[in-house]
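A, B, C and D are the chain letters, set down in written order, and residue numbers restart from 1 in every chain.
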């Protein structure tokens, strides 16, 4: 399968799509789909339940919820409010899957504020209502806030700016401020350029090494931080190598369907995997590593969706009760 | 030739390279090359002298000077100062080609400050020493400045932000403030990803429709503004469609050289142009339009080179005499 | 009167307040007040109708509408939407005072984006929906937009960045793009620190020399631009010299009311104007010129109110009909 | 003494100046002055050696080095390089006072990037060369870097953005990444507006509660962090209350020297402290709390001096040997 070479996606949904047809059941992986006509929202839940499933999917055991809304990239304020509400409920559901009671969260805005498609995390934190310092100062007597979650937030920067792994920074802050949970916001790489800036993935597995636009070297997970970590991501780039791969896939299809080129298709199809690998290897320019593909108006798109995300978190924690 | 389909470059140098070998002389186009060992700078001058040459090159008659320095992307301060000096001299040479005396310039920082690889122009203006208001207020009595050029600058923004063509904005400002010349700084699209952020093109033909990361709809030229316009550009992106095209070229080469695949190469080579065109058309995904490819650390690279550029302009105009 | 020395305000309302009591009628100046209980909004209209009135007020003939809302500095989204609606109606009223039909406006975001309290204008433009380029491209066939105004916008920068007077830039753009009206947004200096970031002034007289945080050297007015100019401003700073003056006023009051200090008050009150002037002159430190006083959380405040302002303009022009 | 009421300065130098004349020796406080003609730099070292001295000065025991250079606010590049070198040596001297060997430092950029005069710390970190991640990855084999210090950096944000005390964040990061020392960069409040943006204070006592433009609630010190903390600060604001106080001081002087007003002076001087306190209390407007005074071109000034500071740190650590 061509997809093995250099194809990268941070979306569990797209990993699932690799398996040619939905009829094929992957052992240990459960798929639930839901469609909301009114808002034109497609919600897909991928549950990876066993280690075998995790192996097939190349992602750890956990729940991955994807919300796709084609109009998310448009600037209709009322529509965004509805999306934010929907999103708040869905994030709330994932939080409630945790065994322990969640009263306080640390929101981590991953990524590089200076690089447009990687600025999602910092932008979300910019519009977040943090409450921890107020709660600590006024405590229970701040009656109005009684029902609120305790929210703190940090934009740690990227390794080229800090000289530190994000994990080191967050681990230190977690051990000092002791939140019940981390919510990590990150810009992701998708496989399909149509999904950029209109898809939100919520996962209870945290952030994993090699994922995100900035390619994290260490993960932020329950294993590394000792508390539940929810990862919320929006794909904002496609890896440049993916484009090459797409072209190859298109080529194969073209060869198979076009009358003129059918002969070539037959030749290609007859090659074995190592022959195909040799072909791909030669086609991918080494200069494409470390490069990504992003829309020209990414500045507006990332601003728009980051606002939707911070609103949903503000909604969620302003009314969040301790869960029971 | 495959290059006809969707290949885009703003560099005259790369247009010239399209012609398979340098031995082939293009009538009306003169090429001069110069190499500086010490700084490892390659300087290429492409002079398009006739309308025929312009037609072959797809660029207007004029002088295009390209400075390539592989180390430009590195942060050695002394090296950058030397590059800035070199650059100042080269820009000065192009300015001196103008028939009229140049005492005052308006520097235009094209592009979108919010989109990292398109922020070159705004960043250059950020570090520019403007003098026009001081000259107007203190005039000849500001003795120290006697030898200086009169520099004004504007960051007009992009059409999605202003609702206006950049040409409209600049035309209005030029007719009101009457500079002798416009210098327009812009981020460009290159064909070859190796050239990104380490190549500077200086052209006395201004900025043309369809060029730049933001794809200008109208040009800034002597014809449209009534005064000489020098365009200074740095390639910071590769068009996503170019990547697809590159893959195809690589495929053809691979097919021709690889023992295993020679058969396919023979088939492909036997196709005529319209058959090939059909193939390409099918391979290019419509979603790639409006997308570009850029390095992950573009924020550092564009900051670095924009500083080099603004320094060279500051050097040039602080000592610029009226030319004779 | 102490107020003569170095007291500065850009609010007509505060000029009016200088006249010790509201009972005193200033010939040629009409005052109308309105209070909305629900939103706690105070609306004051100062109409300067004669040249004599203009002389007394130190501001040109015209209508100055001030909206004060103590909660404007708070981040209640619903409240801000209501303020935006109110504001949209009020700006609409001022626009309808113009004799000619207004179909297209150029919004000018004055000020320096890099200086927090001066960034109001640029921030408002950042969130504005510009439509001119869409209308020009799709014209009447863009049915949905039929009722919309034609909006363009520019952030010209300040003279230290451009070397040009803002007037020169705007004059050029106006003569090239021919809008029916200019709306200029600017950060203002107030006299009373309580008004900062919770007061909006709308004036049909444009922007005048010496006003604004950045102290414009030339005005943007109907006289200089040839089309109506509406100035919308929010006070974000108090001049440092004003603080000194306030202290002096407080001192006088203190001396008059305090039992202990009554003696000093009597002495001071017995001085004539030139004696008082000598006193003030000595008290004001020359280092205070070019300095201003601003709240420590001005970043949040200016972000908040600029968003309210851009929303109101978006509301206004999305439903703006040609006036009749 | 009037200075008791609401006068605030973060500069040890200015605390020293409170004591009317230099002849007066404060027990436990040593003053050393040095002047460099060529660069017009005034260097003042205040050593607080005893707890009594600390009490008199209102600052903890330690060394406070102040570098004043009137031209620091100007943009002469060569001059700034010389200042940076000077500064690097002086910071180096303070570092060498530490008992333990310093191989690795964590630079903390305190303050709020969104508020111009508070952005000093973040700006310094923006231009810093961090090396820790490179050293960790390539270790001793990165020969070129053998002599370099291990530098990491963080911009923690302010409490209103994070909901956490800066101390909590830094404590966590320190315990996780184990640097030998913290260097904390902060914008300060000065007493004298002439010192703004042209004075740098280096103190081996760290950052103390209540200091800085943002008024830190908890300090970053050897006591709280367990490792040496060097505080480097530049005054960028004057507290608004200080201006009022200055006016009062000027008033007293005016009253004492002016022939006309001598009578009032006599009256005022005859008051006892509680009477004076009552006067001051009434004069200071409550609205001035939470406000500061800053120059109108603070954006350029803070950009300039932050660059000088980051250069000096880059110089220092690129050649820093382990101290012996």
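Assume contacts are C-beta pairs under 8 Å (C-beta built on N, C-alpha and C of every residue); 3 or more make two chains touch, one makes a residue touch a chain.
As the structure is a computational prediction, the values presented were derived from the model and not from experiment.
Colleague: Would you kindly tell me how far, in whole Å, the mean C-alpha position of subunit B lies from that of subunit A?
Modeller: Each chain's C-alpha centroid was found; their separation is 36 Å.
Colleague: Just curious, how far off is subunit D from subunit B if you go by their C-alpha centres, in Å?
Modeller: Spacing between the chain centres: roughly 44 Å.
Colleague: Hey, what residues on subunit D touch two or more of the other chains?
Modeller: Residues 160.
Colleague: Take each protein chain as a node, join two nodes whenever their chains touch, and name the resulting shape: line, ring, star, complete or other.
Modeller: ring
Colleague: Check the chains against each other and report every pair that touches.
Modeller: In this structure, the chains touch in these pairs: A-B, A-D, B-C, C-D.
Colleague: Which subunit C residues qualify as touching subunit B in the complex?
Modeller: 125, 130-134, 150-157, 159-165, 168-169, 171-177
Colleague: Which bits of subunit A are touching subunit B when the two form their complex?
Modeller: 112, 114-116, 118, 160, 193-194, 213-215, 238, 240, 243-244, 246-248, 250-251, 253-254, 258, 260-261, 263-264, 267-268, 271, 275, 278-279, 282-285, 287-288, 290-300
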